[in-house]
Amino acid sequence: MKTILKHSIRYYSIKLLSNNKISSNLYLLMFKTLDKPVTEPKPPQFIMLWVPGYEAIPMSVAGFNGENNTLSILVKPVGPTTKYLASMSCGSYLGMYGFLGREYIPPGNKFLFIAGGSGLAPILYYLKYLGCTPHKCHVLFGCWRRGEIGDAPRLISKLGGKPYTACLGECDYQGTILDAYTRINLEGYDAVIVSGPPEMIKNMLDKVNNTVNHYFILEETIKCGIGLCGKCSLGKLDKLLCIDGPLFNYEDTVRVYS
Amino acid sequence: MKTILKHSIRYYSIKLLSNNKISSNLYLLMFKTLDKPVTEPKPPQFIMLWVPGYEAIPMSVAGFNGENNTLSILVKPVGPTTKYLASMSCGSYLGMYGFLGREYIPPGNKFLFIAGGSGLAPILYYLKYLGCTPHKCHVLFGCWRRGEIGDAPRLISKLGGKPYTACLGECDYQGTILDAYTRINLEGYDAVIVSGPPEMIKNMLDKVNNTVNHYFILEETIKCGIGLCGKCSLGKLDKLLCIDGPLFNYEDTVRVYS
Amino acid sequence: MDLTTSVTGIVFKHPVMNASGILAASINGVRILAKTGVAGIVTKTLTLEPREGYLPPITIPLDYGLLNAVGLANPGIDAVNVLVEEIHRYGLPAIVSIGGRDPGEFQVLAEKALDAKPEALELNLSCPHTPGFGVDAAATDKALKHIALNVSSISSIPVWGKLGFSRRIVRESEILLSNGVDAVVLINTLPGMFIDVYVGKPVLTHGYGGLSGPAIHPVAVYSVYKVYEELGAEIIGVGGVVDWKTCVELLLAGAKAVQIGTGFYMVGYDIVHNILDGVKKYMEEKGFSRISDIIGYAHRK
Amino acid sequence: MDLTTSVTGIVFKHPVMNASGILAASINGVRILAKTGVAGIVTKTLTLEPREGYLPPITIPLDYGLLNAVGLANPGIDAVNVLVEEIHRYGLPAIVSIGGRDPGEFQVLAEKALDAKPEALELNLSCPHTPGFGVDAAATDKALKHIALNVSSISSIPVWGKLGFSRRIVRESEILLSNGVDAVVLINTLPGMFIDVYVGKPVLTHGYGGLSGPAIHPVAVYSVYKVYEELGAEIIGVGGVVDWKTCVELLLAGAKAVQIGTGFYMVGYDIVHNILDGVKKYMEEKGFSRISDIIGYAHRK
């Protein structure tokens, strides 16, 4: 197992700089860390974000800039904490600790990213981190309705990725993300990285075309985020999401859902 | 005042590797630090050396090699701790913390060092640290008797310095170190660094030829070594030997002895 | 080199186990711990009923340790059988940590735990941040004595009592030991608080929590040394063990074994192997051949 | 921006002073301290007779703080006049720390100290490593009360009582405050020990000592917060203040001023200016205009 280096995980006070609604249910929030982070996050690492008065919740790093100490997250409001978060105004102070989880940088030159809903968050950071170009990084982004897609394609393009959308309305592919996936010719991709809600991942597993390496960014309830409480242990897999994940390979993912 | 950097002062376990009597009353001890020092000492810094069963005493760094983690000191047995120390055999474990005090590296190309007795210790480290040559570094080493000079000149030569001895017997100059000093033409030296017992320094002060900058390495009882207990405060000078010294310029030294 | 150590008659293959609260609240957690190479597994403190614990944030990383207020989240004492069974599957001694709100609860918990046939019971008398439990349940000498008697009188296996630091740690240890407890586990976390200065509020949901890790190590060494010196007791040392040196310090101070909590986070799950490698090199350097040579060594004149 | 703070009626130009034990045992020490910009000077704890203290090593640097067992080395209470005089020469409030072995000694010490006309007395009820003094002298509630009464009954100036961390810190504070003590100083060092594993012995000459610095900061914040919450007392916070954030944390928790010990070593003698610069920037960022706006701010609902 990877040794987590002493002192690399820290608590930071952060200040909300901007909060933009980018689709009917996705908000892009940018924070400033009030001290310079001692380490730079790497995809698909996450943070425990403390929303004062509410809870601390796991959020993927969706963007980071070490020069001006800004950190972005992509939030889908689902419950009290995320709803309040999405409503917060600029200038608010919050806390966070991180960076948590294990990095995974796929080797190769051409990648397919498959993102469902807020699963787009870590993918955005991959695009930035890998220095993507439309040739190098293709992103299949899927939701139920067109409104949930919103501005995401532009965001993906801005970060160098080539967006391809799937929804039940006016999207590049009209249908579910899974159907869209099965129509993609995987030849030429060095890796496929999938990020989305558990049901999406579960359903995808038996459609996977194993000629290309597939990786899955999973979710599990996180309490400590640092490998002590055991809350995030993954079914039959003797691993912890918070320190061994959140990304797992195909075999591990199959074991989680078996 | 200089900011002592966090974490730069550490406790180290050390092991005695060699103990050589180099004169009738000087012992050169070499230790291995059992962890790699986080900082390299600079002359004329010192350590608090813990002699288990006895006391912790201040000792100047007389040599240091960061590649094999060895540290040397030059000991003059005067009381119980130093006497026991001089009698210790190889393989013994001791402790130390450091590096203490402020470094001072004189600018220039030609230096005169004046060392009385165990005052030679920091001078040895200067020779090493400055990468001395016989042209660059002249060392006037003085004691009462020839026997106290012992092998010191060879040690000085080995470190690149040009030795010149003063004692009441068969030395380069037959007389006291102070008399020898007054006969030296100081022209061409960029700095004179003096290290020796308080009486020597006190007596020297009114003989100083101020055309060249003189610096004095002083001694005072040290208890904490880190600027908290106040034990090492220096007479009328509002400074602490352990963090502002041990080296002081002429004006400060005059105030100490006024 | 002989790393085995016997604590209250239980033989451990080496002196390093986990501290209560680390993973062993589920079968999965036990499995992950077993793979780290620990010589025994201490369960999460089990209470009569399952507990959800506090909402996150329940931990705050500090430069020199950790603050936590988990709130004794645990599956309840009824999970004890599956936990002990799983620990035994790996051939390891199982120590069941129990936490009651009063001597009566401790007795009920002990009874249930004993049914699962663990190797020892550990009484959590010292959790500092869960009202009603830990330090609250053991707040007076009388309560301490009562809990010790209630459990030891029915226990066929060794009983360990886990205390936090206090100025009365020797006295509290003495009360436990003279009322049937076989060993003391020293120390639990110290109460601590972290305030986010910009938000202007304590960050932990519970407000304050327990301080662990390197920050409390010198206090743990002191506590072990003092209790060993005064009472010559069997002691399990815990607090800030993050490498072989901090482990050896506790052994020299008098601990027969050590437990690790925060170290698993600060160093990672290879910490146990790291420590054992270091301990072996140390014993070689110093010419010790048995761990038992080290235990209490700092007390020799 | 108004940095002044009033503690038990004494106005300090800003909330940062030294902790007892740091330099102010001699005129020279006072001078050096005054130059650092502290808002007031607390003397080294003075005892009836001069004390040499322990032989070195009396301090051990740790990564996250310091262990010390100085052994209350001090020039004795008869030096109080010159010390206070020197402190007043810099226009600073003088707080005289006194340490007796029993309530009677505390009274004698207070009488002598009062003659020197300082601004306040600080009772050292908490040195953990000098047998007979500190925690030993104040070991029982009765002794605590007796000391408090003996001193407060004769004192015309504010009396501060300095406590160490214990699970009874609220109760102990209450005893002091209800017996004439005007403010509590929280916290003193925690007992701690460091063993050199190769030498195989505790390094401090006294064996154990007091742990200070960042390691104990969360415990100090907890202590201040708790005592403020329960008693609404006037509090001087101390423990692990090394930068503006650790200073502000204690103020938010309820301290009206802070004291610095280990920070002088870990950061250097410019620490006071560093902290004040940071505090000002913080107040600007948050829109506070007076230090008093910050004090206890973490308690608002």
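Per-chain residue numbering starts at 1, and chain names A, B, C and D are given in the order in which the chains are listed.
In this text, contacts are C-beta pairs under 8 Å (C-beta built on N, C-alpha and C of every residue); 3 or more make two chains touch, one makes a residue touch a chain.
Which protein is which chain? UniProt says C, D = Dihydroorotate dehydrogenase.
Computed from a predicted structure; not experimentally measured.
Leaving out subunit D (Dihydroorotate dehydrogenase) only, the rest of the assembly separates into the touching groups A, C | B.
The mean-CA centres of subunit B and subunit D (Dihydroorotate dehydrogenase) are about 37 angstrom from one another, to the nearest whole unit. In terms of their C-alpha centroids, the spacing between subunit C (Dihydroorotate dehydrogenase) and subunit D (Dihydroorotate dehydrogenase) amounts to 33 Å.
Centre-to-centre, using mean CA coordinates, subunit A is 49 Å away from subunit D (Dihydroorotate dehydrogenase). Not a single residue position of subunit B touches two or more of the other chains. Residue positions 62-63, 194, 197-198, 201 of subunit C (Dihydroorotate dehydrogenase) each touch two or more of the other chains.
Taken chain by chain, the contacts run in an open path, each chain touching the next and the two ends left apart. Applying the touch criterion to all chain pairs gives A-C, B-D, C-D.
Looking at the complex, you find that subunit C (Dihydroorotate dehydrogenase) touches subunit A at residues 21-26, 28-29, 31-32, 35, 44, 53, 55-63, 66, 68, 70, 73, 194, 196-199, 201, 203, 205, 242, 261-262, 264-270.
Those residues of subunit D (Dihydroorotate dehydrogenase) whose C-beta lies close enough to touch subunit C (Dihydroorotate dehydrogenase) in the complex are 62-65, 67, 128, 135, 139, 164-167, 190-195, 197-198, 200-202, 207-208, 211, 214-216, 218-219, 221-222, 225-226, 245, 248-249, 252-253, 282, 285-286, 297-298, 300.
Remark: subunit A residues 1-4, 6-7, 9-11, 13, 15, 34, 48, 50, 52, 55-57, 93-95, 97, 222-231, 233-235, 238-240, 243 touch subunit C (Dihydroorotate dehydrogenase) in the complex.
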